[in-house]
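Following this line, the structures themselves.
Both complexes below contain subunit A, partnered by subunit B and then by subunit C.
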Partner chain A sequence: MNISCFSTSKYMGKKVQGKFKIIKLFSTYGKFGIIVILFMLFIGIVSILFMGNSYKIPSGRSLEAPSLVHLLGTDDLGIDLLAQICHGAVVSILVGFCSAALAGIGGSIFGILSGYYGGWMDKLVMGICDTLMVIPQLPLMIILGALFGPSIKNIVLVIALLSWSRPARIVRSKVLSMRHERYITASQSYGAGFLHLVVKHFLPGVFPIMMVSVIGTISHAIRAEASLSFLGLGDPTSKSWGVILNRSINFKGIYFTDYWKWWVMAPLSMLILLVLSISFVSRDMEKVANKKL
Partner chain B sequence: MEGSILKIENLSVSYTHEQVLAVRDFTLAIKPGESVGLIGESGSGKSSLALAIMGLLQNRAEVHGRVWFKDIELTGLMEQELNDYRWSRIAIVFQNSLDVLNPVMTVGEQIGEVLRRHRGIKGMAARERMEELLSMVGLEPYWLKSYPHQLSGGMRQKVLIAMAFSCEPEVLLVDEPTMAIDAIAKDEIVKLLLRLKEEKRCSLLVISHELPVISAMTSRMLVMYSGNIVEEGETKEVLNNPLHPYTRGLIYASPSINPYRDMWGIPGEHGPIGSKQCSFFSRCNQSIDRCAQENPPLQLVCKGRRVACSRGGIVTLLRGKAIDKSYMVKERRIVACSSCDIEVKMGEVTALVGQSGSGKTTIAEILAGIIKADAGEVVFENKEVCGNKETSRTGGIQIVFQDPLSSTNESFTVEEIVREPLDIIRWYTKKEREQSVRDALKNVQLPYDNIFLKRHGFTLSGGQRQRVAIARALVMKPKLLIADEISAMLDPSTTANLLRLLKGLQVREGFAMLYISHDLALVQKIADKIYVMCNGRIIEHGSIGDVLRCPKEEYTKILLRSASINT
Partner chain C sequence: MKKHYFLILFIIIAINFFLPRAMPGDPFLYISVEEGGVATTFSQNQIEQYKAYYGLDKPLYIQFFNYIRKLLRGDLGYSIYYDTSVSKMILIRMPWTIFIVVCSLFLSSIFGTIIGAISAYVREKCADKLMYIFMIVFSEIPSFLLGLLLLFVFAAKLKCFPLSGGITAFASYDTVWSYWYDILHHAALPIITLTLAGLGNYYLLSRNSMLSVLSKDYINTARAKGLKKGRILFKHALRNSLPPIIARMFMSLGNLFGGAVLVENVFAYPGVGKLMSEAVRTRDYVLIQGIFLVVALMMLLMNCLADIVYKKLDPRII
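So, the complex of A and B:
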């Protein structure tokens, strides 16, 4: 088994190398999206490495307008907004990627199982998927968020729990169509077990379209985290963009002052920018993936 | 045997200086008026046998065993006494060549010498007798004055026959009567010999390597290989249903038996003669360990048929008995195959022919164990086929599918595709697997360098991918290859290349093949046996020559007619 695992990782490595080549095929929007995502990652890393605790410790007067000292001004507690935004990027990206990865992995497992085995397994998994799809996500998320209590970990779990159905459906349909390919029949006739088929055939086959769906889930997860936080169900100590927005909106009479121009606009535009960029990338990925499929 | 005119017991001939056993333990009894054929490739010891029977080998080789003419044991006689029987009782028509006749004597002088020596006829009587003999074989009397080099090959043969009949023998040995002469002359000689045999009521032992000659002239035949008799039986039965792989190989190498089929000789070289193993061991495609240890004696397998094979003749590799399968499609029962019997013998190409939707693929998949039959059983090498038991081992069954694009995973590299079965069954080490992959690719005439091995499936053409799929089946060294419409999606040139390749491989490696197709024109080029399938039933089967020459079922006739649209 070790050998096959090894060769799979090698195989996926090849795919990833291929992905970088794929970027060349992207449209201008897609390339722009990649740059923005890289930029967000960069400021996140900068925040972790160099900014220390400046995102939660006041460093100036409250509600300062943007200046050379505080590039984006300060909030009502006098905490630097730039530091908060940079830190928020970490939270958003972390939540987005973690929950998308969880949803992708879980979805793939369930998709492969239901697609390969069919029968009651398929009915069960697809039943859960359908149920999850018809329930309005946000209210369910609010309830689950309130139930589990506010923490980043819980938010990731809740989002993953609610968004695995899309990758699962996609993976299932792909596995269903692959299962009737002759090379699977041939493989089975040589005595290949489920594990061999998954590792050698299904996963590599499913990988490109799963990636597309996972990237879509990232932007969905970021939005969901922001919505939950905005509604006050997020982790108040996390200082994610949603939490910043929540605080600023709840500042009484914010729209009668100029404060919204930096306090509301900064996290909001970052959020929009990131979600938009991911959407661009996702759209281009889908195009490229479809061409190869 | 009582009443036999010529009886040979345990005759062995060995050329001592060459350490070669040319004939081993030959036993035969010829009844009066019977004609027996002896067939074998060049060098199998046929001529040595004839010469030994005639007692013409005494000085050149060591001859053991006994030869009886009626009640007289010829082998015990002195040279002088033997001469009384030679020519006058037993005559031989020598293999036709220029040096059989003395080049400086006329034809008349040479026939006259025989008459004078053995019959004491001289002068005018001899002259009359000679003219009579010549006209008997269809030559004008004036040829008596000519020298051998002035005659054509066919005429020389006739002179040799005339010489052999000059003393009216009771037994005639005919050694390669039709060698190196053209088809019309051949036919003439065969007819002449048959006519003379009837007229003179003599017994014949016809030695030839040409099946049509044996089939036209004899009622019983023996097959000789490396000095051993490997099969014996009625000529017709032997030709219709050979039991020894060697006999089958000879038949398949004769275009006159089935003119449609491509010719393929028996692959391989003679093994060391005189060693302990079966004489055909080195070229046999169904040999087992036992074959390397003993040279099997001729044994009776069924009435009038004897065969020298440790496995009792050609083995039936796969047998499907009363296979039923039906599918439910929207509450409607669709019968894919019903009580189908099918048999594939070792080293044979069996074709399964029928329209699309006649159930061919279903039966192929049942035979390979991919799908389960509703009823009936499939037996491979005396073991029942269930699931992937036979396909997941080397030396078992392999199946190649119709669609080359679907049968291999296009994102795999060529090496990964071909190596996959070996990886799954964990066959030896990685290095050996790689070598095996290269060998298989070489066998299907694909490049086997590193660059090709690293190419992905989707960069190959359909024909290449089908060959890769065949290579994948071949790395498992199957005894039976099921090829399901493998050429249906390829263009004619690619098909021709692929099929010739596959047939060549089949002949060389000796595996059996079940070739499934709707194309009769293709099938008749490569198949040995044919099964015709219609609406889930096997309606006709038999050897390809018989079925195509005179199909019994209307459906087969329709198939045949539609296969020859252009003619």
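So, the complex of A and C:
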């Protein structure tokens, strides 16, 4: 009993070390990306804990330039931009994470189904994947966004609906190669059912490869949310970075005054920074995963 | 293979037909209540009449059947909001979009390929690493954010380019040249944006492709013959690494169109993307359907072409 406990904890320790090792394998840019993502998470948490409702309640004159009171200035309603940006981080990360998680879960379900059963199921799922890949994503997203109505939940659903095909393909090919492994055949001969195989064998095997593609999906989702909000199809109550951008661009005279220096540039640079760092991280993850496999 | 494309075509047409019908909102609300204007209200009778006129009162499957029959005749219907023929509206807007998309496609593929080839030739050196990071950064930034950045820096601040539109309104031109200059001047920023956004793709592709070609024996032979660097690079190596790049040119058109939709909205460029966001705003079913169908058809065609061209260029692919 004691011994087994000891060995488990040792095993756990090794695993944790392994996780940190992955970050050590990253390039400088990947590390930079992780730091930026942690920073975004930090300002998001700060916004939730300490800033309260200051992202939607005016606290100064309208269109103030950056000063000590309002570090990033205010928008046309006199709402502090720093508070809005911090709140926007929550929205963007949440949207990215939720839709990527949904796409990953849906993708792996369909991928496992089509890889395991083959036949018409495989043909059907892969056919849908092919179609999704050929259909122009952004126009379809615009139409679906308009169809479901502007709310965060719907944006997440739309993005997930259109981006599960990549994880599904990857999972399917992995399952196809796993299906004829000896240990699968062995457990099948012991009478293991589909569910048992999925939970005990397929999911653990598929998980790392799926995570890599899911992280790619996060950056895609954040981008898609920003584009939809920029076109005015975002949730007007959510104050994501895309919504702030849309508001500022549609302000009359934004091109002829200096307001853009803080009103446009702040959300713009935050979006660019976040998308870039996530893609750096996902690139490095892919590299590490490819080396290990 | 061919069956596959027809199936996708059918699915696209079906999506195209059913989605707008499920959209919330009603074109009558938008026709009758205009912003700031006098609210013209329709009586129930009139609404029925209009619905009958547009065929919206029939059961769905008959509408769908009629829709396909009309499509086969090349008729995309009349816009509910603008009251003109949809195919005509798309035809007017399409050249603008095609112009910037094709220009940026060629610019980004040519520059990306050349820079990628050079980068592969000087691999592992400082210049290669610098180019690599630069390209990755530009390819990862969403194109409309890049466009906004360029718009505010070059058009609003430095005033070297016009802020919006595709051509100066109400201008008269002395010569053909000044006319074209005006168009190019307006299109410059959108084209630069799309080019920068697409550059990284070709760069990576060309760099990878070149790296594999450069390690082949015939390159060593060429070196041993004492040929000049440029000749080896562009004549021997680049030629053999072109097939994947050309295939990518066709395949990337879809992404480019998606980017163009957003970039056109950034620069208020009078292309199909701008028309699309206008159509969504006014809930113009017919117009949305038409645009989506045309764009999807073009993409499907390009994918099909990419398959064919790739097979022709590289007979090893079955």
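What we mean here is this: the second predicted complex is superposed on the first by the 274 of 293 C-alpha atoms of A that agree within 3 Å, B and C clash if a C-alpha of one lies under 4 Å from a C-alpha of the other, contacts with A are read in each partner's own complex, and residues count from 1 in each chain.
By definition in this document, a contact is a pair of C-beta atoms (placed from the backbone, for glycine too) under 8 Å apart; a residue touches a chain by one contact, two chains touch by 3 or more.
Note that the structure is predicted; figures quoted are calculated from it, not measured.
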item	value
Subunit B versus subunit C as contact partner of A:191, first or second or both or neither	first
Which superposed partner A:276 touches (first subunit B, second subunit C, both, neither)	second
Contacts of A:120 with subunit B and subunit C, given as first, second, both or neither	neither
Partner chain in contact with A:29 - subunit B first, subunit C second, else both or neither	second
Touch count on subunit A, higher of subunit B and subunit C	C
Which superposed partner A:232 touches (first subunit B, second subunit C, both, neither)	second
First (subunit B), second (subunit C), both or neither touched by A:183	first
Partner chain in contact with A:201 - subunit B first, subunit C second, else both or neither	first
List of subunit A residues in touch with subunit B within their complex	4, 181-183, 185-192, 196, 200-201, 204-205
Contact set on subunit C toward subunit A in their complex	4, 7-8, 11-12, 15, 19-20, 22-24, 133, 136-137, 140-142, 144-145, 148-149, 152, 155-156, 163, 254, 257-259, 261-262, 265-266, 276-277, 280-281, 283, 288, 291-292, 295-296, 299-300, 303
Subunit A-facing residues of subunit B, complex	368-370, 388, 391-392, 399, 401, 403, 406-409, 411, 420-421, 423-425, 469, 472, 476
Touching residues on subunit A, where the partner in the complex is subunit C	29, 127, 130-131, 134-140, 142-144, 146-147, 149, 219, 223, 226-227, 230-233, 245, 249, 255-256, 260, 264-265, 268, 271-272, 275-276, 279-280, 283
